[in-house]
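The two complexes that follow have chain A in common; it is paired with chain B in the first and with chain C in the second.
Right after this comes the complex of A and B.
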């Protein structure tokens, strides 16, 4: 049980693809990776959650932190194609109302 | 030998003759009895009287005691040569042999005493582990014992993060240490150095058991360090390494225990914000239970009577353990305070009040909090609730169990939590159940979660039970679903049930 993290694209619009379990054990590397993208100038970050099998409250807290920081910088963290377990959690917590969620896959240019 | 009358005669025999003193007295007595005038010992020109009175007569016999250096000569006066010479020579040979034997015996005794000292030193070395625990204390003990055991003039022990520990001749130790310091750190073996014009062997031995450090043995001036000393040094260094390792792990254990104790104390203090017993509210049957996954819980529940009725809340801080518990205490307090400030009786207004208080704090902490706020008005029998991202929340209305979905995202996600509360009129046996996700997301051995549906089914199946019975029953069901698996997350359950009584 482990999470693969892959970053696609450069510049202002980039995507990160997560695959596996996104829980407290994996929170730090994801937070660090996303913050680094923002530090390097990315403003619209697409986070592909298609292959995430599980997300816990610590994982959701990471998404919330990065989303708030990106918005402060004039950008956003966009959740891309969340898997069914992730979508259920987002609905149960009403976080689907706080995030911008797109069905487009990774690599597709994101527009807000 | 020529003796003249001016020679001084001494009456006190030097200590060197102590071993045969008694026999000298006996023999002298026997010579007087056999007609001799006196018996003396001549050694390095000094005369020591053993018996009789010196007459300095020319009639005398002499025999050397060769075991002494310088040689001592037995002199018997007043007897002629011949038989007397033969007898005195025999006496001298006997005394020589006796002195030799006794000298050997006292050497052996001294060696035995020395060996016994060493055995004691070894014993102290072996038991030093139980008597001292400080690293530097151990280094001092071992340096002293190494000094005693090897007989080397100076011992030094070097270890990182510790002062240099010396035993024996500190000045010599320091001087030699300064000379070998640089290379001693990198290699072991014997290095030859000159101090105050004298050459010393300096033996460098690494401390054993993967402990960084060196045992330095300074050899005697112009002497060598031999194989036994090297072996002894290696044994002592190995022992020292073992003791130091133990001391380090003991120190680590102490530090861990201190930390554990602080976490336990902090967890206990955090848990104190949870209400201890259910309030007596006419018309309501209330019960709640919290069971942390670790020492401290990030879940909380609270209830308080205000001028509008009963305000109750359940919350869940993202994450778990002590960090979540610290945020939990803040939220619990903020909820109670907002409930008492409120003059609307509307849980959505209370929620907005709490959010205004804690939003920045939660943002800085990087966490969010799911919560349900409820207000029960005794006059109307209506309960209103607002749900900020919390689940499970179930309403059992006349046996029909329905979830109450969230109205807004959790606290700490968005600055604005404007929402419309929902209201239910409770008739007797209707109940509102607010759990935490630790109950429904608890997985069994196959990773299957307890789940919302199972929870709703269990609530429907236990219709008519008291709040306490229902809460305890649901905890048992989750516990048996969990089996031997570890508890995944904090579990909290609060039930507000309408009773038949009317105020």
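Right after this comes the complex of A and C.
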């Protein structure tokens, strides 16, 4: 494992914190974890990417897939405080225009 | 690899995105991406690419983010090796101000792509890095420091040096690498633990001496470079790196082992025929008698 995954909170709004390298090797546990949150009733998921050093195309595909499913359920996958490398990668792939991206910090609501 | 499809995802408005202006690093990246340097680059990064449409953008993003954060003028060179997918188009469509895409009609092999890229580079220090970001770019400084300080002419990433961290490499590939390493040591007298890691940095002078005489276009070009460097009196330092196995690697054990062994013979033959002679002159501070 080179990606730490931690889930915070329960109910409608939850957060998942990733730290490390989010690549094809780590896609399954992240996808499974995010889908489980949706299955358990979460609708707004904040995905904290502040400590993610790198995300590859498989990781981006996981985020896109979960975002689309969350929106179909009336919710969203919100990207929280992506690190600079992740932010640049989102811009280069134009995915910054597809996701809701929020700054970190207390008092920042996850809902759109 | 996965395709990214956002066609059916409703795109929120810019206001709804809640975007921040970003960090200083992000601003540096945006300036680099949109404004020509106006000065010669200090650093050139060369990425050889063959059919990398799935992997190239995240790799460019990681490299651009890190190099821009260093605050030195730098350029990016994508040396496309006759890709039959959309690699060239995808990179070209980015319109990055300080990025050059080198094209060739036919696939020559990684060695040819790196050579064309390095020979187009303008920087004082030239890194070539694989397109899969297997060796995270955050380790760039580990290679630059000994070359910049004058301690070495070439710094090579090593997955086998003491302190290296190799993640996800199969047992089979580890054994194969170990076997080839012994062959290299016995056959060439090179003491390097890892000749094949796709993360190497050259001083301008070293690049100017090595690449014009480097002849192997394929997988074994790294070994050839280190062999010529050894013969030329260039100083090579090996730097332990953290390395991640990347799904979709184009390295194929059996096929590439056969090619590697064949190339060992070619390198020896080229040397015997004096084909590397041009590179074999003394380095600064050396005399012929050294």
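Operating definition for what follows: the second predicted complex is superposed on the first by the 106 of 112 C-alpha atoms of A that agree within 3 Å, B and C clash if a C-alpha of one lies under 4 Å from a C-alpha of the other, contacts with A are read in each partner's own complex, and residues count from 1 in each chain.
Going forward, contacts are C-beta pairs under 8 Å (C-beta built on N, C-alpha and C of every residue); 3 or more make two chains touch, one makes a residue touch a chain.
Treat the numbers as computed from the prediction; the structure is a model and nothing was measured.
Visitor: Should chain B and chain C be called a clash or a fit once both complexes are overlaid on chain A?
Guide: They clash: once the shared chain is superposed, the two partners overlap in space.
Visitor: Classify the contacts of A:98 with the two partner chains as first (chain B alone), second (chain C alone), both, or neither.
Guide: Both partners.
Visitor: Check whether A:51 is in contact with chain B, with chain C, with both or with neither, and answer first, second, both or neither.
Guide: A:51 contacts neither chain B nor chain C.
Visitor: Could you tell me if A:87 is touching chain B, chain C, both of them or neither one (first, second, both, neither)?
Guide: Second partner only, chain C.
Visitor: Which partner does A:24 contact after superposing on A: first (chain B), second (chain C), both, neither?
Guide: both
Visitor: In the overlay, answer first, second, both or neither for which of chain B and chain C A:2 touches.
Guide: second
Visitor: What is the contact status of A:64 with respect to chain B (first) and chain C (second): first, second, both, or neither?
Guide: The answer is both, since A:64 touches chain B and chain C.
Visitor: Residues of chain A touched by chain B versus by chain C: which partner has the larger set?
Guide: C
Visitor: Looking at the overlay, does A:43 come into contact with chain B only (first), chain C only (second), both, or neither?
Guide: A:43 sits against neither chain B nor chain C.
Visitor: Which segment, 21-29, 75-83 or 165-173, is the chain C region that clashes with chain B in the superposed model?
Guide: 75-83
Visitor: Identify the overlap between the chain B-contacting and the chain C-contacting residues of chain A.
Guide: Shared contact residues on chain A: 24, 56-58, 60-62, 64, 68, 91-93, 95, 97-98.
Visitor: Going by the contact rule at the top, pick out the chain C residues touching chain A in the complex.
Guide: 1-6, 8-12, 16-20, 22-23, 25-26, 29, 54-55, 57-58, 60-62, 64-66, 69, 94, 133, 136, 138, 167-168, 244-248
Visitor: Would you tell me which residues of chain A are touching chain C in their complex?
Guide: 2, 21, 23-25, 53-58, 60-62, 64, 67-68, 71, 84-89, 91-93, 95-103, 112
Visitor: How about chain A: which of its residues touch chain B in the complex?
Guide: Touching chain B from chain A are residues 24, 56-58, 60-62, 64-65, 68, 91-95, 97-98.
Visitor: Give every residue of chain B touching chain A within the complex, in rising order.
Guide: 316, 318-320, 363, 366-368, 370, 387-391, 405-410, 412-414, 437, 441, 489
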